[in-house]
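These are the structures, in structure tokens.
Below, chain A partners chain B and then partners chain C, in two separate complexes.
And then the complex of A and B:
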């Protein structure tokens, strides 16, 4: 290929994508009428965590809206896998494609431009458009409440946390967890170990054991397998879970931060059916009452008094009376992050690369 | 002191899967079969270990099953590379993808994911029987490869299959045997990972450790003892990282995670600069042998 043809092709491609953008910007998404959703799942439906929580929501939506929702499992985060799955559903008449992964973001954006009549919804995604909405939960709210349980259960005041990768959406659960624990036990300290993997039970077991060796007596988690719960039970300490109610895997589990996608999907699909669906330029960021993460609380070890406190805090988070990241908050290096009387903005949440005082680890 | 004891006691659990997988790879590669399928054989063994354990088999039976599962996948690989003479790299990669999908499918059909179990118990000094057996297996490999007629034949096939063929050795049969033994050891490595270490199945539980074993074999220049030493080094680091973090020492974990690979690079550079040695890369690694065809 000569230089000239290459250049011309590049220019042509640029022009094409420009027209695509222009069309996308003009087109107001028309309601799809009779909604026919289909789901593309990142993991298997019995992963015990993230993917299973979406599969469980699917079953509730099917019952409540009396529809059947086809679903593809274990579709990796690559365009060559996502595209055929989505196009197969579209060919078969689906008009709402629901994803389930951060790594679907770019492909969903391309698909949404290519299919302006199809609506795309992507939990954990980051791209949005006239017919594409990314959705995530305010997971720090439920993790704050689980942190309260941890603070109340800990005798030593030393709490451990097993986390996947030091991303903002993991960092905020770590910070919220300790803020919650300190609500109950002001002297509580938290040590976090990042495994560097979302679902590596070998590393999670090692991390949990290392924390137990350091004398922690409650373990929190933001990884995809129930391994920390299992190890906590073996060590005779308590734990709190993430994604789903992990008490089914371990008696150590006293509280779980659980996804409630059906609480988001049912009204969302009803809105689409009624022609009232609206574009959200920054996606949807769901609180406890809007279909984000709620708590499955509490286990047998939690006193009625503590449980009442947790539920009261939950009410105050929902009403907006006591947000989790309310100022003044200074990070552990002494930088002021939220001034007195203010609440951390969503933009700052999505850029959280700092930890509150009392958190050890995550260097 | 506690830190040191806790660290030391946890090293073997991490080192053993690497060591066993590396021994398995050495068998296969000393016979001239470039084996990128380690991750796949380990997954097969890991799944068999979990499946048998969850169905009530004692841990040692489960580990035996893991070896059988590894060897069975090994036979598939052997048919591809030694029988049909398909490119070693492509066959190895294909086997990994096959094993990833197949093990996920079987685990999900049987609801084995996330079911925890007691697994293999410790024998002496906080270590289980496989930990104690691993140096013996390493010794056995050194003896078998270096001191027996079988080992001499196996290495001849890996160094110069044409000459071996002319000397009356059945190259294909020898490679089948080497792959099967190697795959059984890699299956054991995977089985140990689930039955003794993670004590739970999740899809892709091996988590890339097969690829580390491949790097480890290059690091060890295809020598069993050096592979064992390399596995210990990797084990030291894997057991150290979470403890350093849990102890609250401000060491960025990325630097720690880099160290084994830096060591691998250093050894490769060192051995390249030093020139060939007796335990260097097998001369016919990755090459097919087709009788009466010119190389």
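And then the complex of A and C:
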């Protein structure tokens, strides 16, 4: 995961050239020849969300690169569990270890230092090094597009959002969702409920029901289960999904923000095979067309006109013509966050602790 | 010929029974020798291994490969032993915490909550750099004990004064503790370096030092010393003797002058303190910081280990080792054969059920007698 704090940026700007350091370190790492990846999966392969999206990418990569990728599932975020799984794979000849969790970050860092000839890649991680790359997606891009769908479908202009935990990478999906909705419906308002858990169907159901009772007619989400979709269908309203195409769980789903890890992993593994892999001091922060999150759009309720609008916005995000967090953006307390003519920096994205006007909840 | 259902009572009573029928008769054993105990456990492990191999063979894992891969690779290398021992350390402490409470007939289901409070208090010492560096670790340890004790004190009071079931109170306090943990990690205690939701990394003086073999830290000897100390207290000291009296028969113990209330309270608080230490061992001995999910799974593992270890410190150590081996073998199965985790979990369950079930054969003698 690209991760930059303001302090780190300042340090990098003032201190020795980071690229110089990176190249020096990269020279040490060139050992992976014939790539033999293995995956350590945080959840079960059928969790319907995060872990399953990685498992599905594994199958695509296996087909496209004609290789077999062994995998160990349900490895918890604890050093005592991650390390033996990684070392068993390394003993068996794996030379690329792919993780899948934020909680693997520290252990992957230690392992990468201990095994300089092995390459480590960690989706959702936050540590990087000469042979370690953390990866995350610019999820706000796809959530912005799903927000457009929500704005177009909402009759009342009241939109609900069920979110996991209030911290930057969730906050930005909430903000982007409303910005997208307002692109279509300028009066749209959004109420967010944080459940405090990544996957808790009971709390998610309660949160969604509370939002339905407040009169929202579209539900967005950034949690690990399809519960909000299921409740939306029961209530006869629309919903949008996260992680995977959640229309398989509920007909209410009209758009989903979906991981496309294979689009990142295939070229990445090819680069490794060709000896062209490069260290990224801040990891990889993947856009909508680089293996981050794309959209599965749209459901039957979405008009052709709205769908065309969404796809046009998608093209403009890819080309850089219309970035999601383009100024002027003021937060709901009146503080200016992005001046006119500028775009929110990655550093500010990773520190996002504010909400745009029109967002209720999340205090 | 009439079926049994159609026979009248009278007919049934006079109907000739089969000439020879065996009826199992259960007799409680008065005394179980060590040899028999070991033999029964060994037989149960053998049965579990046999069932698991059969199950895996049906799912396409050749038994011969199982032998070479699991036995040769997973057990012979020092690294495999190292990772089993590393996983075992916090399990021992968690099992001890549960066992102490169970010894006093206090069903402490709040291990995870007490672990969290222990880790929170220890982390507070680390974050705010309280005390001189040389005393930092002992202070963190004391704070962890205090945190765990504090979290169990409420349920202990409610149980002793008002008779409120500790199963409910300790269990529910787990959720309160978890939300407190999230509140801190997503709020004031988030990592100042990355602003991600885990505490800042502990400094070197705030971590249990490396042992110098594999990746083991002092967490393992710490668990060992704790187990030995508790073994002495529970098995050799006067306190342990009184506690045995108390758990055998509370009224009788009171009648002969055992300070029942004080003694149970002491055992309950000790359980909370050791639970707090579990949180400390994981944070300072394994993760190097307080993470969001460090406690997950320890409640059930703690109960299981205390049960398998018969609430005895030495038994707890053996049971924790057994559990760590199961985890290691489970990972090996996934890595070597691509066995799905659900199947791995099934084989683990077979082992646990077989060992737990063997208890029956130690408690009872089964006599088959002819019913005729």
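In the analysis below, the second predicted complex is superposed on the first by the 335 of 363 C-alpha atoms of A that agree within 3 Å, B and C clash if a C-alpha of one lies under 4 Å from a C-alpha of the other, contacts with A are read in each partner's own complex, and residues count from 1 in each chain.
Criterion: a residue touches a chain if its C-beta (ideal position, glycine included) is under 8 Å from a C-beta of that chain, and two chains touch if they have at least 3 such contacts.
Please read these numbers as outputs of a predicted model, since none were measured by experiment.
Look at chain A after the overlay: chain B and chain C clash there. Once chain A of one complex is fitted onto chain A of the other, the partner contacts of A:317 are absent, as it touches neither chain B nor chain C. Contacts of A:203 after superposition: chain B is touched, whereas chain C is not reached. When the two structures are aligned on the shared chain, A:39 is found in touch with neither chain B nor chain C. With both structures placed on the common chain, the touch criterion links A:160 to chain B but leaves chain C unconnected. Looking at the shared chain after the overlay, A:272 reaches neither chain B nor chain C.
In the superposition on chain A, A:81 contacts chain C only, with no contact to chain B. Contacts of A:47 after superposition on the shared chain: chain B is touched, whereas chain C is not.
When both complexes are overlaid on chain A, the residue A:176 reaches neither chain B nor chain C.
Touch criterion not met for A:239: it reaches neither chain B nor chain C.
Chain A residues in contact with chain B (one complex) as well as with chain C (other complex) are 44-45, 74, 196. Looking at the complex, you find that chain C touches chain A at residues 73-74, 77, 79-80, 83, 86-87, 90, 179, 182, 186, 190, 193-198, 201, 215, 282, 286-289, 291-294, 296-297, 327-328, 331-332, 334-336, 338, 340-342. Contacts from chain A toward chain C in the complex involve residues 3, 5, 38, 44-45, 70-81, 83-85, 87-89, 91-92, 102-103, 106, 126, 165-168, 196, 350-351.
Those residues of chain A whose C-beta lies close enough to touch chain B in the complex are 43-48, 74, 160, 191-197, 199-203, 205-207, 209-211, 213-214, 224-227, 230, 249-250, 360-361, 363. Of all residues in chain B, only 2-3, 6, 10, 14, 104, 108, 111, 113-114, 116, 193, 197-200, 202-205, 207, 209, 238-239, 241-243, 245-248, 250-253, 257 touch chain A in the complex they form.
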